[in-house]
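These notes are about the structure you will find just below.
Chain nomenclature is as follows: A, B, C and D, assigned in order of appearance, with residue numbering initiated at 1 for each chain independently.
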Amino acid sequence: MIAETVHLDGHIVDSLTLSKVLDLILLHGGTYEITHFKIGATRTDASHAEIVVRAETVENLEAILHLIGQHGATRPTHEAELEPAPADGVFPPGFYSTTNLETSVRVRGKWIPVENTEMDCGIVVHEIYDVIRARCVPIHRIKKGERVVTGDRGVKVSPLPPRDPTGVFGFMSSEVSSERPKELVVAAVAQGMREARGAGRKVLFVGGPAIIHTGAGRHLESMIAGGWIDVLFAGNALATHDIEQALYGTSLGVKLLTGAPVMHGHEHHLRAINTIRAAGGIRPAVEKGILNAGVMHACVQHGVDYVLAGSIRDDGPLPDVMTDSVAAQDAMRERVRGVGIAVMVATTLHSVATGNLLPASVRTICVDSDADTVIKLMDRGTHQAFGLVTDCEFFLKALVAQLSGVIV
Amino acid sequence: MIAETVHLDGHIVDSLTLSKVLDLILLHGGTYEITHFKIGATRTDASHAEIVVRAETVENLEAILHLIGQHGATRPTHEAELEPAPADGVFPPGFYSTTNLETSVRVRGKWIPVENTEMDCGIVVHEIYDVIRARCVPIHRIKKGERVVTGDRGVKVSPLPPRDPTGVFGFMSSEVSSERPKELVVAAVAQGMREARGAGRKVLFVGGPAIIHTGAGRHLESMIAGGWIDVLFAGNALATHDIEQALYGTSLGVKLLTGAPVMHGHEHHLRAINTIRAAGGIRPAVEKGILNAGVMHACVQHGVDYVLAGSIRDDGPLPDVMTDSVAAQDAMRERVRGVGIAVMVATTLHSVATGNLLPASVRTICVDSDADTVIKLMDRGTHQAFGLVTDCEFFLKALVAQLSGVIV
Amino acid sequence: MIAETVHLDGHIVDSLTLSKVLDLILLHGGTYEITHFKIGATRTDASHAEIVVRAETVENLEAILHLIGQHGATRPTHEAELEPAPADGVFPPGFYSTTNLETSVRVRGKWIPVENTEMDCGIVVHEIYDVIRARCVPIHRIKKGERVVTGDRGVKVSPLPPRDPTGVFGFMSSEVSSERPKELVVAAVAQGMREARGAGRKVLFVGGPAIIHTGAGRHLESMIAGGWIDVLFAGNALATHDIEQALYGTSLGVKLLTGAPVMHGHEHHLRAINTIRAAGGIRPAVEKGILNAGVMHACVQHGVDYVLAGSIRDDGPLPDVMTDSVAAQDAMRERVRGVGIAVMVATTLHSVATGNLLPASVRTICVDSDADTVIKLMDRGTHQAFGLVTDCEFFLKALVAQLSGVIV
Amino acid sequence: MIAETVHLDGHIVDSLTLSKVLDLILLHGGTYEITHFKIGATRTDASHAEIVVRAETVENLEAILHLIGQHGATRPTHEAELEPAPADGVFPPGFYSTTNLETSVRVRGKWIPVENTEMDCGIVVHEIYDVIRARCVPIHRIKKGERVVTGDRGVKVSPLPPRDPTGVFGFMSSEVSSERPKELVVAAVAQGMREARGAGRKVLFVGGPAIIHTGAGRHLESMIAGGWIDVLFAGNALATHDIEQALYGTSLGVKLLTGAPVMHGHEHHLRAINTIRAAGGIRPAVEKGILNAGVMHACVQHGVDYVLAGSIRDDGPLPDVMTDSVAAQDAMRERVRGVGIAVMVATTLHSVATGNLLPASVRTICVDSDADTVIKLMDRGTHQAFGLVTDCEFFLKALVAQLSGVIV
């Protein structure tokens, strides 16, 4: 049996961290002894635990320490180990794989905060003279020779603080139930958007084409016109059907004013694409007076930054669509910096893709008529997401009402 | 090969009836010859076809004739065959099993319309002096010796007319898609309710407890107060949580004003039941001033007739609940007479049960957040149902707005 | 500020109990001081905490103590308070509402275990000479004058032990995901059934009609024939379609051998019901040689006890169906005594109804193609249920293979 | 009123084509007169109708004629009108937008069959000396100056023949129900695969990562090893988790043999990607002996052609992934030529993308645990798809058993 002592600090009881850490040790064949324990007397007081972890082999012990390190259990201070990347786009074996939680690495005796928090990346450390910086780097962007953290000595992860029960999302658990009062959630989302803006952070909207099909495009348009959205992530389909709607009054060939399919309607989306291709893109189409309404028009008019990411089911696509998925991901990656709240509506693909890029500290609301989308988002690591199983049309209508202070 | 000639009249081309009839003949091993065919030149003109059906055996021919008879193909006029029921609650073997379409039987040379149209029943014929009446009778209500139609000679079924594309539900197909504009559907439901009332027919509302859990009880309450609902079908759960909400402000223990679970909240429904049991029922509780708000209170205040049908998952139940499922079904059966539109919200059990009792001519809207409920309703024979996959809270809010002329 | 000291014992850290208790105190406006804390050094060691709870008012403190009592926090020993029921079917106000966890009440200085553990009941205490017994009683069965526990002094609830990670269900969390290897779950269910039988406990099967529609009836039949099932809970639909299948080879009118709808098929279920009604019931039909195959036939042949509970969507129903929901619930209630494992397949109604009656200590597996059923079951208090989102046909086929040792 | 006479030939009654055509004329404000009608006397006889269509304006008439042309109503023979594409990637305005049905165009007095049938494309006509060819071209591949069909004169669409009720998929409707016997469907899929191979056509398999997560990868692997699959379409996720499984025995970090999450498991997929990136791709990894098992290994070993299409939610990605969505779509487009049957399992994105590329004549089976995927596929035009709502693990296991003749 070999042993090592770790420390665990913070709200480790009510955030369930202590329970998880002990559970993990036992689950993976280790044993523990709690040599010191000081429990906070009130919610605001932090607790502190000192735990001796024992395991049969060095490998087993290292594995356990790594795992509980992801929940904040810190080992006696070590320097982070760094190895050069063997080739462009390849990490050294044994690279440390990041979570979406705030992380620091120990270099030259100091804890260096890791920038660009993102899950499933490596950590690269740069030293220029006496400035040391560390940042998350996705695998495809690593360059040969860059120094990458390996193992998990000298890496410290800060668990999320427990949710504030008096805060705007306090009453929300992460439960995905369709049987809850939804107006309250909408009010909380509106309040969350206001708080994000008040804190000087961006509001990110991620949307799918059902927003247009259900006739809710006008609500999204009015949010954009009202200055509520800083960045829009979507795909070719949302933009195409929005433009189809602006040019022909239909979406997927169904007239939004009457709900009836119209003649030639199923061709409209392709004609809309052809029109924008002929114009050279969305912005030129707006400038030439060809495109005069809709969500994309509003984005151009109000300077909202957007990323339209391509997918293999796209028709066309529109010239504005980034067809390379890695380039599109990088464009999204760049724009999530500074985001304070992400509102994801009616899209599994773009929601999961965005969730992959967000730090756990960004408030994330995922709205879908299918509970599965929300479950997938959380299964893939975006545990902070709050799911609302409902209709995008009614959700957006109610959100606009809340934002404009008109609460029915 | 033996043969018989049938006639097919009406909008048999655009209602797809002719196609179905020919398909059925071939599918079941028969052959056909179209000896006369006159197709209507416009939508309002009826068509007429005379078809010789041939099959190998008498049994096979009879089976085919029976089947296509359900789509309106009438055989040369025969008298209906009648046999006495062998015992209470038992039909004679070979009894004719009804559809939910308008039906007539041939008795003493006259076509007698069958009353109380309902699927999966038998037809009983009564003759008192020279008055002949026929009606659908569910199996549990047949009395020994009553004369029941057997076979399908002398039975004529009238297919539904094709939907009127200019009518209020004209644009709706029976498709169950969550990707359609819903405000239009809500407007159509409101219009349908107005038309039913204008025609002197009743509005039936069938609801599940999610209406209360999501905070939409107040919308249902205001529809009742506004006189929009004549009959309510629900279960112990809707009534219990509604009363819980009136007494404690919670539903399933969750405070509706804040969305937060409250202390002792999970016990509230049982305490609500106990309170009503102690008072002797919902009406006494209203009269004694114990129950002052909510859906059930509104029903009592505004004289809305309700059936609360019991189920094995009930706690309590409330004294008003009819715990015998056959008695509850009979109570519902009695109240569907005269209904012009049925609005079913957030309940699979009560929706399917009600669908079983409705003639196909009653407009039926089924609203659920899960497409499965609607699919089940149609799979079980309520083909006229139009499904709307959406949130009950937002649906009811929008419906109330439409009914009160406040359209956002 | 008034205060009371409570004790918390057992696996309170790794079962998350301590975290929950502290969370509840704070959430409801109280404060705590941990005056003594001894944490178990290994998984098998129990921990012990002594906590002073403070609140502003007596009512607030009582409410908090009640709530944390449900997680095992015991107050200084008091006698349980007992009040007579004011009328048949009515509890005294302030009655203690039960959980589905093992519970004891303090009467005459002794802890009396409460029999017939069931959630949402009251506790009745009987004293005959010096024998004291306590049992859970559902509200409809309370008799005027019986002594019912009120408040929660003198009531002790034992939290479930943490799941044994080396046990057969050890690897299962309560997560409801369709993206997990299912063969393993099937193997665990088979093993759980073996263990229940080995421990002399009953296996309860709860099933819906989709078992028959999908052609999986033969698998259930073979489990019954193999002696694997002691009790069957179902409704009119499962039995009717099973008998339809035995008599006509169809279910819902679809031929199971070919998947094709057959002529007159949609009438078969009503003819099956009529046949059994004429015979006087299922058992007489088996004895007269009318019913020779299927699930219900197997139950009669192999002496499996069944409850067919009625519902308002039933056709007929079969004479064996208990149409009164309260009587059916009582019949089920009686039969869950001694059950060691409950396997629920493809039915929301019967699963939730059964879940309401089961103590939390009964292993419960809920199989449905829709995650919603499982979520509903857990939302309504059956937290011990393990959900498997899959197809009932393939599940039962695999389960039969596992039980017979033929593992593909 | 202006008029034009159209002809309608084939199984226009039982395929419902006549009904649809008449319906469309009326729905869009036209009127009709059936001047000649000869109905086929048996299922094998074709029918013939001559219909005068009238409308108020030339535009209205053209619109109606276009619409009914998509159902096979042919106008008096005209030459197709051709216009040059104004720029690369842009069709001339008024371009004819294709369906996925077999199509011919009239050029120089001859009907030229259109090659590469695909929906939502344009038709390009090439004439080299006296060889005339026509083919579907997606918008992004059109070159400036290529001659594109505009309007719909001279375009003839052949409706699908009615399904053969005696064929292997005869009993299947396009209904999406989870309550049907599934073994029969599996048998039909196996038979369909045999028939496709017998006819010298390719079998296309389209799969999502849940195949791997549920432990069904081994079944897919054995189908590949058995020579049953010619082409595989998937994404980075399926390949990554398959390789994770081969290298670490886990998928999404869950050990497939035990169902339990393993230490470091959530990092395995990224380490798997890193390993393959270091090796230079899947094939090099197989050749170097690094990758020795799994689906991708089997593809390399057995020469199965695969397209791994990128998406914005990919980690890595693997070097084999085509990250450009247009290039990936073109790679898929090329490989659907010659496909006789497409089996799509557990992926919405890849199923819809593939459905977009397939002619309507390719048998298409879509298997998903969520009915929504299948509904989406059909909503987007792949009407020929047959949906099976079930579990991919059990489906593939049963399919392998069927293919190897081991039918349980």
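One rule holds in what follows: a residue touches a chain if its C-beta (ideal position, glycine included) is under 8 Å from a C-beta of that chain, and two chains touch if they have at least 3 such contacts.
Small disclaimer: the values here were computed from a predicted structure and weren't measured.
Seen from the Cα centre of chain C, the chain whose own Cα centre is farthest off is D. Set against one another, A-B and B-C show the most C-beta pairs in contact at B-C.
Chain A and chain C have CA centres that are 38 Å apart.
Centres computed as Cα averages put chain A at a distance of 46 Å from chain B. Note on chain placement: the centre of chain B and the centre of chain C lie 33 Å apart, centres being C-alpha means. The set of chain C residues that touch two or more partner chains comprises 179, 252, 372, 379. Here chain C touches chain B in the complex through residues 28, 63-64, 66-67, 86-87, 89-91, 93, 95, 97, 120, 138-140, 252, 263-264, 266-267, 269-271, 273-274, 277-278, 309-317, 323-329, 332, 348-350, 352-353, 356, 370, 372, 379, 381, going by the rule given at the top.
On the chain B side of its complex with chain A, the touching residues are 170-172, 178-185, 210, 213-215, 252, 254, 256, 258-260, 369, 389-391, 393-395, 397-398, 401, 408. On the chain D side of its complex with chain B, the touching residues are 13-16, 18-19, 22-23, 26-27, 31-34, 37, 39, 41-43, 165, 176-177, 179, 371-372, 375, 379.
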